[in-house]
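In what follows, chain A forms one complex with chain B and a second complex with chain C.
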Partner chain A sequence: MDQLLYASEVLVNGLMTGVMYSLVALGFVLIFKASGVFNYAQGVLALFAALTLVGIQQGQVPFAHLINAITGSHISSFGWTVPSLLAILLTALVMVGLAILIETLVLKHLVGQEPIIMFMATIGLAYFLEGLGDIMWGADVKTLDVGLPQGISETAEAWTAALTGYGFFIDRLDIWATVIAALLVAALVAFSQYTKQGRAMRAVADDHQAALSVGISLRFIWVMVWSIAGFVALVAGIMWGTKSGVQFSLSLIALKALPVLMLGGFTSIPGAIVGGLIIGVGEKLFEFYVGPLVGGATEAWFAYVLALIFLVFRPQGLFGERIIERV
Partner chain B sequence: MKLRFAAAVAAAMLAAAPALADLTVPNLSYRTGPYGANGNQYADGFNDYFTLLNERDGGIGGQKVLTPECETAYNTEKGVECYESTKGSGALVYNPFSTGITYQLIPKVSADGIPMLTPGYGRTSAKDGSVFQWVFNPPANYWDGASVIVKHLLDVNNGDLKGKTIALVYHNSAFGKEPIRTLEELSKKHGFTLTQIPVDPPGQEQKSQWLQIRREKPDHVILYGWGVMNQAAIQEAANVRYPMENLIGIWWAGGEVDVEPAGAAANGYKSVTFNGVGMDYPFYDELKTHVLDTGKASGGGAHVGKAMYSRGMYAALVIAEGIKKAQELAGTAEITPAQMRDGLEALEITEARMAELGLPGFGQPIQLSCQNHGGTGMGMIQQWDASAKQWKLITDFIQPDEEVLAPLIQADAQAFAAENAIQPRCN
Partner chain C sequence: MSPTSPTILSELAPPPAAPAPGTDGYITADGRKIGGVLMDLRHITLRFGGVTAIKDISFDIREGEIRAIIGPNGAGKSSMMNVMSGFYVPQEGEVWFRGAKRPPMRPYQVARQGLARTFQNIALFDGMSVLDNIMTGRLTMMKSSLLEQALWWGRAEAEETRHREQVEKIIDFLEIQNIRKTPVGRLPYGLKKRVELARALAAEPKLLMLDEPMAGMNVEEKEDMSRFILDVNDEFGTTIALIEHDMGVVMDLSDRVVVMDYGRKIGDGTPDEVRNNQEVIDAYLGVAHD
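Here is the complex of A and B:
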């Protein structure tokens, strides 16, 4: 009986963890859906957004280290702090600015190129942004506090204890992440289904040339999509940064999103969520039941095994579009 | 034209290379990537100590010390590249600041005859100088750390760990696995149950591990983590309301960067350390005068006095004392790597010498020999005070359990000697 309760707790936490993975996966889906590009830089976008948010929030002078090295000064801070909400809005604006720069300096010059060329460009972009983030904000681990609660939910613990006799651990941050992810997905789905720009985005995703022929601006759509992906990256950065500080390993959360994408499909927003949930639950239950038999630490590889099993039966992913090429 | 070009290239190369009389100690640093936050502090401490010697004393024995940096990004392949690209510059000794890189460099430094110092990391059995002729790991190694932690746990449990459960949460890598053998032996000796809980690097997601700890309620948790794994572990421990004073890390899980993200929740977290904490030492007055105030501090002096900075600075101190001893033995200031090895083998840093250096009680006395490349391996326990944002030492130096460690080190070193056809020396 105890084992069943523990497994149930693991399952609930797996679902919550899956939502955190989905937040990262969403950014990949948005860009792939609109441009057919697998954006290798999505993890670094989350890092860059989180670094910028903390920098703005704490009134840090960007490029302070560089300025000090050149001028011999000792500046580091403006001496003010910015309220969290305003800092988030300002960071979102920075991400829009970054999207414009990426489109102008990189994507515009690669129109009509093979997807692999675009993919390579995003690899370069990832390394560039990581270096830029380092030079702008420094390599220190930064504490991110935007007022999100963390730690065990005593309500959930008391409720499950009354119901089953065993109080489940549920992290309040994970509950918030679930609510935010649900809102984000609802907003994104509504945007792509019911707005003119959203429909234009889907048209571009279907066929660049056809979209251009009916007057849709490819450049505008790309800027818009990269801006939205930047915002999604900011949300993911906030959640993961709140968990363990903003630091350069944040970019590696992309590794957690890959199996989610393989499973959920690269073109489906709901797929990213469902994929995340399956991966989260699958890896946690596998670790719970099989981990002790094989020495533990199974999660990193089992997520990929799970995704590969799904791929064998459904190569396009659970919700991905089936590619049919007629000759 | 060709001749002029060749002359220009030669001149540039000469300008870039260290002067022959300089003492070169490459700084294999990592200032970028997931472990850059720790690497920055360590590299700054390492550089600043030598800058102080250069500025205040004109170097060591009249020779300036150069610390050319090479970025390894904590990546083993890059670390090996850094070694290969810098060894030709007259490198006297290496301190790669990575267990993974250390393992790769052990055969290389042995073949090239260049000493390597790995304070608090690397291969534990390198303490046996009869087998590891070119590798040194004073003042303490991973097994010392595990033993000191267990001794501290004995102290807080009235000398009895029978029936207790201790969980080891470790970085699933060569570094994290190092203490397992020791802890297994110590569990037999003291009668506690050891649970091993690996975390795959980088370790941002540890929900499964901490749910297991919440279910099994071990009496103590030992943390052998690095980088984001530490921050995530401390936060998750707080999340599951694990008593913070029962969570104790190795020295690489004992930096400010590890505890600050968790805020007040990290209060009471402990770690073992082989060096003192804070800046309450006369040394820092000297550093301020000659390095900080003159604008020569590495990284702008942003990390002075922090835990990892102190460890980098301490590593430089041990190397500097080794150079000094080597110069004395060789009778010349311009020493070779082989003479540097002799200097390290004759190294003696007494309490009086530490006081003379402005760091009284900062480090334990170190006395090395041909056989003993690791020193005494003592450690202190530090505890995080979240409100003061400071580490505080809560014990004096604790001696590790040599009765358990010595046979383990000897067995591992002999196995290495047999595998690599090394004839032990020092007889």
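Here is the complex of A and C:
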């Protein structure tokens, strides 16, 4: 019985981790659907967003190290702090600016190229952004606090204690992260179904030629989609950064998004969400039950093995469209 | 439908200098009034590497007429329509629209100028319903901001209702009420072609361009499509450029016909004139490359 209760707690915590994977995978799917680009840089976008947010919030001078090295000065901070909400808003604007830059400097020149070339370009972009983040804001680990509640939730503990006789330890941050992610997804769905821009986005995702013929600018949609993906990355970055500090390992969650996508399908938004949750829960439970038998650290490889097994039996993923060769 | 007073310009005559709409038109046999030049294509040449798909072709399309482009397979008809709609950029030549020379433009900008088209190989949004597909034809007409839409406030609601009404009219007109909610991917070929026409019509175009709207259809479907094309032209006064591969179908529909063969223009005039043109007869009889 105790074992089962522990397992449920592990499951709940796995769901929370899964939310994070889902968010990163969601960014991938958005860009992949609209432009056919597999954006390797999605994880680094989250890192870059979190770094920028901390930098703006704490009034850090961007490129301070570089400026100091060149001019021999010793500046590091403007000496002010920016309120969280305003800082988030400014960071969102930075992400839009970044989307415009990526479109005009990279994507525009690669239109019509093979997907593998686009993919290589995003690998380049990932390394570039990682370096840029480093030079702009410094390489030290930063703490991020935008006022999200943290610590063990007593309410959840009391409720679960009343229900099961055993109080679950659930981090309040995880609860908030789940709620925010759910709201974000709901907003995205409403946007794509009911607004003119969202419909145009779906049109572009469906057929470029047809979209052009009804007067939709592909470049506008691409900038829009990269901006949205940047915003989703910002949300993921805030949560992950709050939880484990803003550091370069943040970009590694992108690697977990790959098995999530194999599971959920590269073109399915529900797939990204469900896939993320399955991987999040799966790896925690696996570690709980099987980990002790094999010496632990299964979380490092479990997701990939699961995805590989999936790849064999259902290559299009849970929700992905079946891939049919057109002749 | 042969015009009583044809004023077809001879191929050698210089193109008219931006005539005002409504001037120097002609009256068709069935009494429709054809206006001035809407689109004027001047000395268009288009090459793909070594292949010259269009060789120095000039012709015009007048307000209110049904203008056909016919020719055997590979003649360059679709390429011509792609030039007109901005999908291809010709190496030489000029496109004049409503009396002004068109600067280099992207296809979506051309579409926003009032040119709607269909494709030879149907380009629909397979994941959307018939209704949503047709609504996309009006996307660029919607003016309310994202905020207004999000709050369903201001212009947003009235605008959505108005566009929906227009789309419903087109659905009734093309007799596709019963498939309004069907995902387009599931429709048979003939109906897909009709939905594509509906989407183009939804944009209320000044020039409607149809690339082989009847290809791959059975006789009955062809008759329906012919009727729709005539009705669109008649009821909305829409100018239509129409590509057909089959000479017979086009003769009943069009006011004037351009005939292409191997990228060249070999005939231009009323259906009767074209039918009796020796070069055209040779091209179609010597149908070795068809």
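Quick notes on this one:
Simple rule for what comes next: the second predicted complex is superposed on the first by the 327 of 327 C-alpha atoms of A that agree within 3 Å, B and C clash if a C-alpha of one lies under 4 Å from a C-alpha of the other, contacts with A are read in each partner's own complex, and residues count from 1 in each chain.
Here, contacts are C-beta pairs under 8 Å (C-beta built on N, C-alpha and C of every residue); 3 or more make two chains touch, one makes a residue touch a chain.
Since the structure is predicted, the reported quantities are computational estimates derived from the model, not experimental observations.
With both complexes brought onto chain A, simultaneous placement of chain B and chain C is permitted, the two fitting side by side without a clash. Of the two partner chains placed by superposition, A:P62 touches none, neither chain B nor chain C. Touch criterion met: A:G215 reaches chain C, while chain B stays clear of it. Contact with chain B, but none with chain C, is seen for A:I152 once the two complexes are overlaid on the shared chain. Contact with chain B, but none with chain C, is seen for A:V141 once the two complexes are overlaid on the shared chain. Here chain B and chain C are compared by how many residues of chain A each touches, and B touches more. Look at A:R202: by the touch rule set out above, it reaches chain C but stays clear of chain B.
For the pair chain B and chain C, the model built by superposing on chain A gives 36 Å as the shortest CA-CA distance. Once the two complexes are overlaid on chain A, none of the chain A residues touched by chain B in the first is touched by chain C in the second. Looking at the complex, you find that chain A touches chain B at residues 6, 9-10, 13, 17, 20, 65, 68-69, 72, 74, 76, 130-131, 134, 139-145, 150-152, 169, 171, 240, 243-245, 247-250, 252-253, 256, 284, 287-288, 291, 295-297, 299-300. Per the touch definition, chain A reaches chain C in the complex via residues 194-197, 199-200, 202-203, 205-207, 209-218. Taken together, the chain C residues at the contact with chain A in this complex read 85, 87, 106-109, 111-112, 116-117, 119, 123-128, 132, 135-137, 139-140, 142, 144, 146, 149-150, 199-200, 203. Considering their complex, residues 31-37, 39-40, 172, 196-200, 202, 204-205, 207-209, 211, 214-215, 227-228, 231-232, 235, 238-241, 257, 260-261, 263, 265, 295, 299-300, 302 of chain B touch chain A.
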